[in-house]
Amino acid sequence: MVKDLPKIRRPLGLPDDAFEQRRPDKGQITKREVRAVSLYALGLRQDSVVWDIGAGTGSVSVEAALIANRGQVYSIERDTDSLPLLEANVARLGSENIHIVSGEAPGALEDLPSPDSVFVGGSGGNLSEIIEYAVSRLNPSGAIVVNLAVLERTQEAYRLLKSLGLATELTQITSSRGKEMPDGAVRLESLNPVFIVTGRRGN
Amino acid sequence: MVKDLPKIRRPLGLPDDAFEQRRPDKGQITKREVRAVSLYALGLRQDSVVWDIGAGTGSVSVEAALIANRGQVYSIERDTDSLPLLEANVARLGSENIHIVSGEAPGALEDLPSPDSVFVGGSGGNLSEIIEYAVSRLNPSGAIVVNLAVLERTQEAYRLLKSLGLATELTQITSSRGKEMPDGAVRLESLNPVFIVTGRRGN
Amino acid sequence: MVKDLPKIRRPLGLPDDAFEQRRPDKGQITKREVRAVSLYALGLRQDSVVWDIGAGTGSVSVEAALIANRGQVYSIERDTDSLPLLEANVARLGSENIHIVSGEAPGALEDLPSPDSVFVGGSGGNLSEIIEYAVSRLNPSGAIVVNLAVLERTQEAYRLLKSLGLATELTQITSSRGKEMPDGAVRLESLNPVFIVTGRRGN
Amino acid sequence: MVKDLPKIRRPLGLPDDAFEQRRPDKGQITKREVRAVSLYALGLRQDSVVWDIGAGTGSVSVEAALIANRGQVYSIERDTDSLPLLEANVARLGSENIHIVSGEAPGALEDLPSPDSVFVGGSGGNLSEIIEYAVSRLNPSGAIVVNLAVLERTQEAYRLLKSLGLATELTQITSSRGKEMPDGAVRLESLNPVFIVTGRRGN
């Protein structure tokens, strides 16, 4: 007997401005192009357990929950000031398989089911501890995807994932968006480059 | 009564080397980062009808079919030499909701159900005709996503989609991948930039 | 008998903020990295005649005049509101071999000596006429370098220079600058991409 | 009494293929765009003393010697197999103010006059020692410019220059060159990104 699954009532691929953002941190949201590449790198299955660590506006959580629509997404956020916005976005754009966890990683992760996919979008200085703990809990064939803006932490995340035995990759994404000028001509405006470090566990 | 859906047996997010490629065109595959951004721009729903025009190795089709797992994906390819590879990749990595269509767009599109999402990865010189026809058939709230390498065609696709009344966006994606050197240090190797032009129809 | 040459009293390579900028167009200055690549593409000799068309703040003129220190640099600017700033920058940072020409290209170019190197940084809509006229006057082995933000004009400039018989190249420059955060970590901030189209005349 | 200076008989701005390259390291040459930005960052004066450490093909040396045409350029190269190529390029494209120094930095730098501008294009593992020594000898208002491909060394060079009291900047350059296809359309091919770290000494 098959349970009636929630249909995807909205399409995958929300624009950045769909997510209410807290000021003055506006602009801190994972940008659409980076969100797309990060979601794709997570190796999501329909029944995946996902941890979104440093969930922020929830933009990764609500999209991961569409793809992993028989799975469970845990949105961990330590900044209590951000929680109302995260809750509002999940209520408006998310689905019932998203669970908001208020607390600081890695401590706040201990009671969660072991993940198949871990996204680290914000680390508040605990990057190494979070990665080490997440990897210790990562299911076979699971993936951890870290977004980084800082050169040094990028290198650190890469080395750490590799030293923990994961197949590790690094990608830098630079995207530019067309901006139409008054005469209809299109010029390009760059977004800041983001490093995406991915570690995959073998079977 | 709900039909038992095919589960996603493999994760979303295949690496480029999962797709057998024809020689000597190896390297023509839509690269992982661009595939991710393009898939995300397609605005896929679970029940979407998708046209993948110029399907090539099938890399976009097989991933779109995972997300639109109650929908239908039509993989149109005019190069008969490419068909065996496309068929093999769909058989190995795809799902039953993918339908290979041998023929040249736009003619080959006429008998297909109207699309919610159209990906144009290869256009063989018919770019304008393909876009015009696809837009004429595009369902409300549908999206058409075009990948382009050439400056001039990028501008042409952008203008055409706009003139046809779609909300049009242009993004250039430049990605670089970390390459590990013998001493473990990581340097960056660039992929060629790709332009992604997206047009969305209102409700 | 050798005339006493002006020494380079300041180094080549001024930062962007050396040039007073008019508001609200601040940010329109040719950025340092693009200025460097453009100057290098001009193929300057010590005795070059240089036209800087759409001189703006004069950032290209004052640097070209350092390298072509036995040559002559003509800084053409049609916007009379910009002239005081251009004059001030040339007086402060430039050398005596820079000549400001108030007027609109291509008309304002007619009385100037034929150029070895032409930089087009701003074209006010006359791009094709300016390029055609500049090429008609370009000395053997001369070069014309055009900076463009707009896709369509880039293609237009490339095709035009090529049709006029010049060896034509196109480069897109995307640069990101390190920005130090409060904790000393460095992240990258992108500048908008610029297209540089160069045409070179044979001997 | 002014000495008759060597005129610039060739223009500044050689293409990459002007420099004979050793195989199989072809491609290791500092690419034109990065050479331009690096030269510009060196803050060259007509009378500058320049050290080009890891001179390789000599592409930076011969261009720096054109700008610093009353100065002296020292081209240091430890790889004796590369010396014949360096010597040939300097003989063919360079000027009399270039001095080739065979040996390994920093040891080989001890007998050279103190530099105004230092370019580090190759470091063979001695990066920190080379930077420390170069900074210890750097004249007031001098600049040191380091080209790096590796993330980790980029961070290391940035931190070291900063800790030594220099005003430090980091730029990542990604350039793409237009490549014409058989039908005349132009697509973009990326060069690998390069990090340029610059330290400047105050007066």
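So that you can tell them apart, the chains are marked A, B, C and D in the order they are listed, and the count of residues begins at 1 in each.
Criterion: a contact is a pair of C-beta atoms (placed from the backbone, for glycine too) under 8 Å apart; a residue touches a chain by one contact, two chains touch by 3 or more.
Being a predicted model, the structure only gives us computed values, none of them experimental.
Peer 1: I want to compare two interfaces, B-D and B-C. Which one has more contacting C-beta pairs?
Peer 2: If we tally the contacting C-beta pairs, B-D comes out ahead.
Peer 1: So the centre of each chain is just the mean of its C-alpha atoms; given that, what is the distance between subunit B and subunit D in Å?
Peer 2: The computed centroid separation for subunit B versus subunit D comes out at 43 Å.
Peer 1: Between subunit A and subunit B, what is the gap in Å from one C-alpha centre to the other?
Peer 2: Each chain reduced to its C-alpha mean, subunit A and subunit B end up 23 Å apart.
Peer 1: In whole angstrom, what separates the CA-based centres of subunit B and subunit C?
Peer 2: 41
Peer 1: Show the residues in subunit B shared as contacts by 2 or more other chains, in ascending order.
Peer 2: 151-152, 155, 172, 174, 176, 178, 186, 188, 193
Peer 1: What topology does the chain touch graph have (line, ring, star, complete, other)?
Peer 2: Drawn as a graph, the chains make a fully connected set, so complete.
Peer 1: Applying the document's contact rule, which stretches of subunit C touch subunit B when the two form their complex?
Peer 2: 151-152, 154-155, 172, 174, 193
Peer 1: For subunit A, which residues are in contact with subunit C within the complex?
Peer 2: 149-153, 174, 176, 178, 181, 185-193
Peer 1: Quick one: in the complex, what on subunit B touches subunit A?
Peer 2: 2-5, 7-13, 32-33, 35-37, 39-48, 67, 69-70, 141, 143, 155, 158, 169-178, 186, 188
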